[in-house]
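What follows is one structure encoded as structure tokens, with my remarks underneath.
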Amino acid sequence: MRILVLNPNTSAAMTAEIAEAAQAAAQPGTEIVCRSPLFGAEAIDSAAESYLSAVGVMDVVDRIIENGEWDFDAVVLAGFGEHGRDALAEMLTVPVFDIAECAAHVAHLIGRRFSVVTTLARSIPAIEDRLLLAGLNAHCASVRACGLGTAQVDADPAGAVQAVVDAAARAIAEDGADVICLGCAGMAGVTAAISAKLGVPAVDGVAAAVALAQAVVGLGLSTSKAGVYAPGPDNPRSHWPLSTALGSGVPVS
Amino acid sequence: MRILVLNPNTSAAMTAEIAEAAQAAAQPGTEIVCRSPLFGAEAIDSAAESYLSAVGVMDVVDRIIENGEWDFDAVVLAGFGEHGRDALAEMLTVPVFDIAECAAHVAHLIGRRFSVVTTLARSIPAIEDRLLLAGLNAHCASVRACGLGTAQVDADPAGAVQAVVDAAARAIAEDGADVICLGCAGMAGVTAAISAKLGVPAVDGVAAAVALAQAVVGLGLSTSKAGVYAPGPDNPRSHWPLSTALGSGVPVS
Amino acid sequence: MRILVLNPNTSAAMTAEIAEAAQAAAQPGTEIVCRSPLFGAEAIDSAAESYLSAVGVMDVVDRIIENGEWDFDAVVLAGFGEHGRDALAEMLTVPVFDIAECAAHVAHLIGRRFSVVTTLARSIPAIEDRLLLAGLNAHCASVRACGLGTAQVDADPAGAVQAVVDAAARAIAEDGADVICLGCAGMAGVTAAISAKLGVPAVDGVAAAVALAQAVVGLGLSTSKAGVYAPGPDNPRSHWPLSTALGSGVPVS
Amino acid sequence: MRILVLNPNTSAAMTAEIAEAAQAAAQPGTEIVCRSPLFGAEAIDSAAESYLSAVGVMDVVDRIIENGEWDFDAVVLAGFGEHGRDALAEMLTVPVFDIAECAAHVAHLIGRRFSVVTTLARSIPAIEDRLLLAGLNAHCASVRACGLGTAQVDADPAGAVQAVVDAAARAIAEDGADVICLGCAGMAGVTAAISAKLGVPAVDGVAAAVALAQAVVGLGLSTSKAGVYAPGPDNPRSHWPLSTALGSGVPVS
Amino acid sequence: MRILVLNPNTSAAMTAEIAEAAQAAAQPGTEIVCRSPLFGAEAIDSAAESYLSAVGVMDVVDRIIENGEWDFDAVVLAGFGEHGRDALAEMLTVPVFDIAECAAHVAHLIGRRFSVVTTLARSIPAIEDRLLLAGLNAHCASVRACGLGTAQVDADPAGAVQAVVDAAARAIAEDGADVICLGCAGMAGVTAAISAKLGVPAVDGVAAAVALAQAVVGLGLSTSKAGVYAPGPDNPRSHWPLSTALGSGVPVS
Amino acid sequence: MRILVLNPNTSAAMTAEIAEAAQAAAQPGTEIVCRSPLFGAEAIDSAAESYLSAVGVMDVVDRIIENGEWDFDAVVLAGFGEHGRDALAEMLTVPVFDIAECAAHVAHLIGRRFSVVTTLARSIPAIEDRLLLAGLNAHCASVRACGLGTAQVDADPAGAVQAVVDAAARAIAEDGADVICLGCAGMAGVTAAISAKLGVPAVDGVAAAVALAQAVVGLGLSTSKAGVYAPGPDNPRSHWPLSTALGSGVPVS
């Protein structure tokens, strides 16, 4: 099985971290290929960047197809609370997995109420919206932020882990969560720290998505094309794929 | 007062129709400027095209600002059920009005239950999602499609009006609607036909948004910057604005 | 355009304050006429008084019609959380605007989550009910009370403004509001104080209703008569209008 | 135990029918006293009439108290979907029972999904609102109208019963109801006809309210005065009680 | 009237306490018979014990029927938040009353927002689920635990009453409750203490259920057999009734 | 990996069919062991039988543990809409998967709106309740019944498949489903028939649960013991395990 994991931002370091997390969750025999957009933002902290990232992953997928290099059984979209899953589901016949939704699904399976801990408070509404639209908000106890941005996480990894653990502790004590979903990628050791210090399971979205992708592909199922995920009409587009029009390099080497 | 009306698709004909509808709803003293993206799709019938359009309107707004031509008191985003309002609200200090939300607000003010009539059935979920996220779905009786795409509407305008009236009639009879919101732009005479034949008010989203823009600007209010619409952090972006990178022409002459 | 603004209580001082607020929000060319019931309560702090006020505004409207003095394009009902909008909508062909609903509509247009700050805690449930029935509660972060009654507000206006600002500050900090709706009339300078001290937009219901009335009338729309707001059957009533039976003076001179 | 049953309209015939229904549901030892407002409408088919009736029952209760004739253990408000319960609950220390709410409570106790069958379609929204505000709508399968007004019911009682049975049959077959609540008073034999012909329990609101009044009084409980039903402040009112100002006769002989 | 009250646990002391509470709420002429399962758990503090108790009450009811001793007009299931009401409703033609649901119904009739105070925090979710499934959660302000288990309540009755009063006080102050439902049986004097110290009505589930049983039976109503409570098909069962297979003694002497 | 699959009824034929379906969904290296209760009902078509089955699976699990034969990494509870998952989750440290919940989770991952097709209409409410409590009902378009009971399915397998396909076709056409969940076990070829004839994915609950069990175990996660699934207190039970008291044979050979 080959799974295409899409980091929606353009940070090579983040792409590498996501690839590592995905590979760690993969079964023997599952190959992980991780790609990021050929244009866009290095980090996604706004609706504007989230839309840009959605177009970026659409573009890179189309480039891979155009290059004749499409050979994947499933796609994981590795932006927690970002747009784009529905667009990819329209475009592709293989199933597409959003890491926020997958973390929430796994949380339902092992607990009664989950909280999400993300980085900055400004990301909370986007995650709430994603869960609401996915019909996965009824058992969401809260979405909390640890208050640290990407740069701060990079500068002080140990302090960042502690900040996430602190936010998770409040979610458990004040909001009644019994499972924590990590709404931020690239923080090694966070799930282990939460489980060890707080005694609750912690779910990493990338790992959850890889596991659910393997499960759904293993069942022989894929996106329903009988409803909203049917391919759209062939409306004329200009400058598409954008990366080709921009003269950006080929995505798959 | 100057209102920037953004047609999210790239069809010049549609831009002209939207401009006309917006101007018709403007008070004396309100100037309407209508623009469309410099890249993207001629029609928006999928999530992929909707994301592309959101980036397109973000881009054209940034180009107008870069060109030193920004001089607007409000923005209307004229895609019914499309993405982008939140991104523009982050980027700008003037208020931004989504035509689907504005049609729903006006419908609340003049009736108890409204239905939306759109073009193709595949657009229904996007409109339902928009109303759900905006907190405006509790009084929505239904979202119905007339079943005609853009080409068919252009080829047989009278037939298209009849198809919309038929769908509206079913919304009234079967779903209990007492107001109809038009979820499709560019169809002259539709609201008049619904009111005349069915005896219920019909709300055009572009007109509603212009009217509400005038009302909010008149109140001296604008987007709250205390929450999710605060400007995002200055994350590095590549190829932005995309239209500049693509060598596309300037948007405002 | 002529807008009839109805103060639902019988306080002449409050009627004057509401008239002033309404006039301040009116465009050039909009004439504001402010009236209050010919019987009823000087302040509305209970369900009993709210029903009495609803009958009072129905009565004064009927008296104006009977006197042959009806010449209005819209009606604003200036009780925050009081009954009566639906009854007036049945009786009249011009649109009717409730100030609590209008404040909530404007809040939706400029923010993501609004809180209402009212006077006494006992008014909170009535406002919650109004928003729930209007389908406008999903984005309501909270309804809070500043704890001061009418008399206290009159005795210490500056202290009252501070109490409202304090309640608004809690709504922002604890409930996540990014817009504040004023659920109490007649307090000059409150919206300005909230914006200045707390950095969030503040919406006055009377101003919002006048602005939305102008918008809806400008769109050529009015109350749907196809549903619940159709005129009721001509059931016999005794002593109606009550003010005539009571020998009360004519409302419009 | 003495129960005051309030018919909110002024029809003496309807008052007599309600009294009879109430008495039939009373235990030995329970005395039913039935009163109606001293002013108002003969039938309640609009929001305006509903507000008028609420003030009418407030007035008659105050007159009974003023006359020194108050000697009741509970009050039943016998308007299905009408306003006023909350105002009476504020005014009185004895518990107050709304017949629509009580019918819904009993329906919950004996089935899983109930439908209400009322007279005219225009009454449906008011009943839906009442159930929503009372928190009793989650198990409401539908509110349906039989399409007959009061005059028609009086002119053809047998036909009216059949119309109600027909509407109930549709509620069972199409909406999945397993209990029917009668949303219209004064129709002898309707509950028996529904049970006999359709095989489901039928709940009459007046009977349900009398039974629940007896139950609650028997438990020694009454309206909580710790929240919204605390007595309101002593705001000055003009012309109150209205019936005294109107010179209307004393309510209790 | 004869009411069968079923204590779902096997504690004889608790059965006696429940019988006493039920008898205290019974009218003259109502006979209370209290039974408990012939196998199961002495206290119910888990889902496992709750299912076991549901089967236990099914079994004891079948034994009573088999013994030819069935002669009841209604059944009260006296487990607060436990399973089993629906199974008994299927099996029997007389109505069945769950004490948690009945407490909530009575709370609706006398207040606007109720809280439940139960023993251990681990019982909260089961009570929340019961109210959600019964459609009675919209006006539930909170479910709180006093933190004491059965043994502690027995060891220090006065301290237990104080713990419940303290939890109720928090429900009133922090959650806005104006009625308290007791989610724990067998604590004499608790409702009186809450009313005396906190000034709000307190509802005991056993008493509420007996009162509502009398009301519904008095109305001549019983469980609808037109829906989910129709008797199930005659599927073969092994070892049923379990108590017979176990050689347990006869339930009714 | 070893997964214990529990058929909640006592039918050996059904146990064999479920075992086969589970094995078909298992990866190489996953061992399926299928067991059924040692007492209970041959088919589960009522709340009473569902509770009995919950106790039956609790009992068989305890017997396996007592016998020293527990050696499983996960448990699948193979009753669609039946009780018991929460009790097993309390009792065990390995994760427990309910087939109705798992079918719904998979349906969310591959479509927007799913319908469940079950056997008899009387099973619909139990499935609706399960989805509601699990927080998985927002995207459920409908639960429909094919109208055939177990005996009829056995007597005419081809006709049964057609009945399910017909109900699924109505769910797609009338309710807008784009994924079908099979709410009935033991019907070979049904998912293939739905996909082939209707063009939508069909999800079998047993297969879904096995796949998700493998995914969750693969992630190293298990039931949270920080909330409601913590083990219950050690309350005394009589006759437990019931099967031992009944002298029933050992479950695992």
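When the chains are written out, they are named A, B, C, D, E and F in that same order, and each has its own residue count from 1.
Assume a residue touches a chain if its C-beta (ideal position, glycine included) is under 8 Å from a C-beta of that chain, and two chains touch if they have at least 3 such contacts.
Model, not experiment: these values are computed from the prediction.
> Spell out the chains that contact chain D while also contacting chain F.
Output, common partners of chain D and chain F: E.
> Could you label the chain A-chain F interface same or different, taking same to mean over half of its residue numbers are used by both chains?
Counting which numbers both chains contribute, over half are shared, so the two copies meet through the same residues.
> Taking each chain's centre as the mean position of its Cα atoms, how many Å separate chain E from chain F?
Chain centres of chain E and chain F, defined by C-alpha means, are spaced 29 Å apart.
> Express in whole angstrom the distance between the two chain centres, defined as the mean CA positions of chain A and chain E.
About 46 Å, centre to centre.
> Residue numbers in chain E touching 2 or more other chains?
112, 125, 227-228
> Could you list, by residue number, the parts of chain D that touch chain C in their complex?
Where chain D meets chain C, its residues are 10, 39-52, 54-55, 58, 83-84, 86-87, 89-91, 122, 125-126, 129, 132-133, 149, 227-228, 230-233, 235-240, 242, 245-246, 248.
> Would you mind writing out the residues of chain A in touch with chain F in their complex?
25, 27, 95, 97, 101-102, 105-106, 108-113, 134-139, 172, 176-179, 198-201, 203, 207-208, 211-212, 214-216, 218-219, 221-229
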